[in-house]
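In the two complexes below, chain A is the common chain; its partner is chain B in one and chain C in the other.
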Partner chain A sequence: MMGLTKKDFTLLIIVACLAIFAPFILNPFPEGSAMAQFNAGYPDLMQRLVIFGIFAIGFNILFGLTGYLSFGHAAFLGVGSYAAIWMMKLLTMNVIPAIIVSVAVAGLFSLLVGWISLRRSGIYFSILTLAFAQMSYALAYSVLTPITGGETGLQPKYTDPRILDGALEPGQTPRANLFGLDMKQSFELEVADWVFTFNAGYYVAAAVMLIAFYLSIRIFRSPFGLMLRAVKSNQQRLNYTGLNSKPYTLAAFVISGMYAGLAGGLLVAMDTQVGAERMFWTASGEVVLMTILGGAGTLIGPILGAGFIKYFENIVSKINESILHQWFAFMPDGIEDFLVAIVYPFIGKGWHLTLGIIFMLVVIFLPGGLVEGGQRVARLFKRKKPADDKPDGKTTPAE
Partner chain B sequence: MSNSKLTRRGLIKTSALGGAGLALPTIFTAGRASAFTNEPTGDTVTLGFNVPQSGPYADEGADQLRAYQLAVEHLNGEGDGGMMNTFTSKALQGNGIMGKKVEFVSGDTQTKSDAARASAKSMIEKDGAVMITGGSSSGVAVAVQALCQEAGVIFMAGLTHANDTTGKDKRANGFRHFFNSYMSGAALAPVLVNNYGADRKAYHLTADYNWGYTTEEAVRSSTEALGWETVNTVLTPLTQTDFSSYIAPVLQSGADVLVLNHYGGNMVNSLTNAVQFGLRDKMVNGKQFEIVVPLYSELMARGAGANVKGIFGSQNWDWKLENQLGERYVGTNAFVQSFGTKYGFPPSQAAHTGYVQALLYADAVERAGSFNPCAVGEALKDFEFDGMGNGPTLYRGDDHQCFKDVVVVKGKENPENEFDLVEIVEVTPTEQVTYAPDHPQFAGGSLGTCNAGA
Partner chain C sequence: MDAIILQILNGLDKGSAYALIALGLTLIFGTLGVVNFAHGALFMIGAFCAVTVSKFLTLSHTIIDDTQKDFLGNPLKVEVPYIYDIFGQATGDAIIDWAVPISILFAIPVMVFIGFAMERGLIKHFYKRPHADQILVTFGLAIVLQEIIKYFYGANPIPTPAPEAFRGSFDFGAAMGFDANTIIYPYWRLVYFAFSALIIGAVFAFLQFTTFGMVVRAGMADRETVGLLGINIDKRFTIMFGIAAAVAGLAGVMYAPINSPNYHMGMDFLVLSFVVVVVGGMGSLSGAVLAGFLLGILESFASMSAVLEALPGINQIIIYLVAIIILLTRPRGLMGRKGVMEE
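Up next, the complex of A and B:
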């Protein structure tokens, strides 16, 4: 269906269901319970999950298929964001032009960067992209302050021209919308103690993510995708067959740059401000982590990885000492303090530590990322059936 | 939750343009019927403390968080009450805010505006915070202030010194207690002229970002007004750790004062370099060469160690104020006492401004009789108070900036302990650091109207 095999179509449907029912899935605990701390079903985080999902899907087209490790993809995210905010300042608060322009501008910029960086491969390519990203960051943070707002960033203001929209009343805050539908608009469904929030912006972002995901499946399964895989497995041999692989890698680079630009544009559509930190090299590193954590080269891996990291950043980092004391309050005083002292370094400001440990564990024991973990679990359950007819449940080597 | 402020004309225009009638706002009407965002309905009220816990300002953030926790204790009637005893407004009873127990959530801004906004949003959307406070850089403060304006909650700025926060980026829902670059310049200039003479040539090294620009502009214009000449201004990259190449040309320029518009690690490094180059032992134009650091903090003084001796700078507040300058700065000792008892060392100015902001917010709610951000804003507007350690203070209604005395300090020659690194030289009275709301350094913004959200 839709040009997909049955297996891929099922995957697409699963992702669609996850995206549509995210407000329920991410809010499993009732309000007011101690576990409500772990709920993630609020608009901002849900938006971030799908947007960084798009970012990681795009990155995976480059890294997962060709094996070219770009350390500068945050630059395209940032360029897309700045393009989108300028559209909102000059043209209209409608998110459609902003998103289209962000993809186009990021595409052009990645064409330039890719054209230069792809002259080298391996570590030199990574360093080149990293250098480009850091240059972009430095430009945005200081040199280009009149265009980028420098440290304080850019936000739409009521004084901006916005030629397609009517003039706003003084002091009114311009709001991003889709033909009048405010991105911040939410509908709250209260069922007993649970509160589920359905946010307009989230569903717009989720719809875009599904399209992006569908496109990435098509790319993975296309002859073009096959060519990219050939680049990964042995570029030299590919060149010896008389085939010039550079247009393919450049195309992959530009496509992934456009995905990053799309994510940047969506970030602005959901939350109308841009800061230069978005392009900092750690942001580029983050998307690498997302892809590897989820499973590079797999379809759904990057989305899982993005969700995992954003969840940690937003939920675990907010658990503080006094919440821990509440959790362990039922223990005797001495033990309570002891437990808090042990757990505290791993939560709150120590969330990086926990994430680092998990990342290490995944890379060491599940080199294929979270997807491999899922596959192993699935195999565990599947194996039981055939195991029944074999006496010891193991295959005996034929010696 | 949210509410769409569509004008009819805008709606028609945008829909016509898109050619599709996708406007479905009626389906998405707010589910909860409340008068404003996160109206506290139970017997508790949640405040959001959004401070850097990682990144370059993590130490400042940690100290701010300590102060916020202390403020929560005092508001709930625990501890010794701190500055609530000296505060001139007596609306706070020590029974929470309007009888509701104060609870708080904390988050990590990572000193990045994206992360800060994400953290503040989760406080507002998930935890139901009715006020957000904190931040340790102007970029973060401006970003979060705009967010609070959109969401309809009050933002009480923490550590943010750039003019823009209450200048071109000011917002009706945002308030700043901390002083700014202009005030630093206005306070420093007379002291510098008194000490170094009116006939001086200054050379500026400025961190290449927004705060650096505003600080340089402020110091330059105030010193030039008193007769100084600016020889050169040079921008230095923020990531620079070795400033030797920038210091060498200073000596050839004929300047006899070096102004370091740097903060944090930048300032520690550039000052160390300058001292190592022997600038302070040089005689230029027949005068002793001097170095000036517009914004001082305890942490920077500690970082720069002995190099800071004898160097002038400005501060928002210092823990020795009341002991050295008497009754006018009442509240200082009360705060230092309760902070010191709890944590074992004196509070920094970052801690002080956070604590005061939390108390001022709570007090404004009590006086307004409502948590509604518009009512709270109204109560803070042109509010005059005393007893918070800074002397008589005004929360000016025009730009939501606090006006109070500015402390001019000097690195101490013989510090007695690690907390006593700067000595107070002079306190510049409020009148000297007050400016008109439309001053050129602050022009271009608009407060707008308060937003109560839903």
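Up next, the complex of A and C:
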């Protein structure tokens, strides 16, 4: 269906269901209970989950398929953000032009960067993209201050021209909308002790994410995607067959740059401000972490990775020492203090440490990321019941 | 003229830091073929060795001092370092004042140990895996190391003073016959430059004139053949990793008084020093040193006000610009050998 095999279509449906019912799924604990702090169903976080999902999906098209490790993708996110905010300042607070222009501008910028960076491969490629990203960051931070707002960043003001919208009352803050539907508008559903928030901005972002995910499945399954895999497995051999791989890798680079721009545009559409820190190279490192953690080269991996990291960043980082003491309060005092002392470095402000350790473990033991981990676990359980495996006599062909 | 000399001097200490980190990076790349993204973290750990030693030396306890009174006539409470109790105040002061040199002695074994542990525990398993995996796992390690430091030392920069004798500035202008006060330069930066020149010289001499160095160089050129000759090249490479870690650590120790150490200084320097390595030529030791000083000096020239007026912000992007131009026109870098990692 929709040009997908049955398996991929099922995956798409699953992701769609997850996205649609996220306000329920992410809010499993009743309001006011001790576990409520693990609820992630508030609009700001849900938006981040799907937007960074898009970013990671795009990065995966480059890294997962071609194996080119870019350390500069935050630059495209930043460029997309700036483009979007300028559309909001000049044209209209409607998010559609902002998102379209952010994709286009990021695409052009990544065409330039990719055209230069892809002359080299391996470590040189990584460092070239890193250099470009740091350069864009430095430019955005200082030189281009008239365009980027420098260290204060940019946000729409009521004094902006905004040709298509009517003039605003002085002092009124312009708010992003989709044909009049305010992005911040939420509908709250109260069921017993639960409060579920349905946010307009989140559903716009989630719809875009589903389109992006569908496109990425099509790219993965297309002859183009196959060509990119060939680049990853052995570029030299591919060149010997008389194929010029450069247009393919460049196309992959630009596509992933456009995904990053899309994510940047959406970030602005949800929260109308931009700062240069969005482009710092550690932000590029973050998308690398997301993709690898979830499983580079798999379809759903990057979304899982992005969700995992953003969840950690927003939820686990909020746990502090006193909450830990509450958790372990049932134990004798000495053991309680001991446990808190052991756990504390890994959560709260120290969650980066946990992230770093998990990331290292994944790189060392699970090159396929969380997806491969899940598959291994599934296989473990299947092996216990070998009778279920064979009934229809199907065998997988040897590769 | 004096402005030019001043900029060259300004570039030297930054260039020294770049050169020292890049030297270690390229040493590791040349010997082990590993791209070590955790090298900046080693630099940072070195700086925190200095912090640790100076903190340890100034550990103090509070006593009531009857000789000093506050305005109400009550005796004052004063902090007295434990080291005064043992050595007396004069000797104690002298020891505290030499915190940086003591930290060098402290940092060398620590860094060598960390280097060994890293190579044996982690990097060894990544020789055969692609460069992307090496970058990723060392990137993860860098995050872990910097978070550990952050946990123990906090997120704020920790000022670490230079020894008393090297505080203040040297008036180059007067010494060289220009007007006084035109070229003033802090002593510690001179020390830093001299120290890094010494370290770089020592590493080169070690590789050039000792049998050990000769074997390592042979191993860099052709690892398999050296192994076939019955030499345990792996062990030597581990030692080289320890030395590279120590070089990065010492660069950090000496850098601490110039800029208060903080937990992300490693990442800040890492990107730049990778750029330096690439400009110098991957795997070329002299290239790394040359490019380090060159880019450091270039950066300080770019920060001259006359240049900044013409090209605003050029000081922040000059290094990257140079790197991009070099990579595109001469991919092997300034002094890289032909064929090494050119693709």
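We adopt the following convention: the second predicted complex is superposed on the first by the 378 of 399 C-alpha atoms of A that agree within 3 Å, B and C clash if a C-alpha of one lies under 4 Å from a C-alpha of the other, contacts with A are read in each partner's own complex, and residues count from 1 in each chain.
Assume a residue touches a chain if its C-beta (ideal position, glycine included) is under 8 Å from a C-beta of that chain, and two chains touch if they have at least 3 such contacts.
Please read these numbers as outputs of a predicted model, since none were measured by experiment.
Chemist: Superposed on chain A, are chain B and chain C clashing or fitting side by side?
Modeler: Overlaying the two structures gives a clash between chain B and chain C.
Chemist: Could you say whether A:Ile85 touches chain B, chain C, both of them, or neither, answering first, second, both or neither?
Modeler: Neither chain B nor chain C is touched by A:Ile85.
Chemist: Check whether A:Asn320 is in contact with chain B, with chain C, with both or with neither, and answer first, second, both or neither.
Modeler: First partner only.
Chemist: Under the stated touch criterion, which partner chain does A:Ile357 make contact with: chain B (first), chain C (second), both, or neither?
Modeler: second
Chemist: Please work out whether A:Asp271 is in contact with chain B alone, chain C alone, both, or neither, and reply first, second, both or neither.
Modeler: first
Chemist: Just checking: does A:Ser142 make contact with chain B only, chain C only, both, or neither of them? Give me first, second, both or neither.
Modeler: The answer is both, since A:Ser142 touches chain B and chain C.
Chemist: Of chain B and chain C, which one contacts the greater number of residues in chain A?
Modeler: The partner with more contacted residues on chain A is B.
Chemist: Touch check for A:Ala260: first (chain B), second (chain C), both, or neither?
Modeler: neither
Chemist: In the superposed arrangement, which partner chain does A:Gln172 touch: chain B (first), chain C (second), both, or neither?
Modeler: Only chain B is touched by A:Gln172; chain C is not.
Chemist: Could you point to the stretch of chain B, among 271-279, 289-297 or 415-423, that collides with chain C in the superposition?
Modeler: 271-279
Chemist: Identify the residues of chain A that lie in both the chain B contact region and the chain C contact region.
Modeler: Shared contact residues on chain A (touching chain B in one complex, chain C in the other): 138, 141-143, 352.
Chemist: Could you list, by residue number, the parts of chain A that touch chain C in their complex?
Modeler: Those in contact with chain C are residues 67, 69, 116, 119-124, 126-128, 130-132, 134-135, 138-139, 141-143, 281-282, 285, 288, 292, 345, 350, 352-353, 355-357, 359-360, 363-364, 367.
Chemist: Can you check the complex and tell me which residues of chain B touch chain A?
Modeler: It is residues 1-2, 4-7, 9-11, 13-15, 17-18, 20-25, 27-32, 53-54, 58, 69, 104-108, 112-115, 117-119, 121-122, 125-126, 137-139, 142-143, 146-147, 149-150, 162, 164, 169, 172, 208-211, 213, 235, 237-239, 446-449, 451 of chain B that touch chain A.
Chemist: Along chain A, where are the residues that touch chain B in the complex?
Modeler: Interface residues on chain A, with respect to chain B: 39, 42-45, 48, 92, 94, 96, 138, 141-143, 145, 150-153, 155, 158-159, 164-166, 170-173, 175, 177-182, 184-190, 197-198, 200, 271, 273, 275, 277-278, 280, 313-314, 317-318, 320, 322, 348-349, 351-352.
Chemist: Inside the complex, what are the residues of chain C that reach chain A?
Modeler: Its residues touching chain A are 35, 122, 125, 130-133, 135-137, 139-141, 143-144, 147-148, 150-151, 267, 271, 274-275, 278, 282, 312-313, 316-317, 320-321, 323-324, 327-328, 331, 341, 343.
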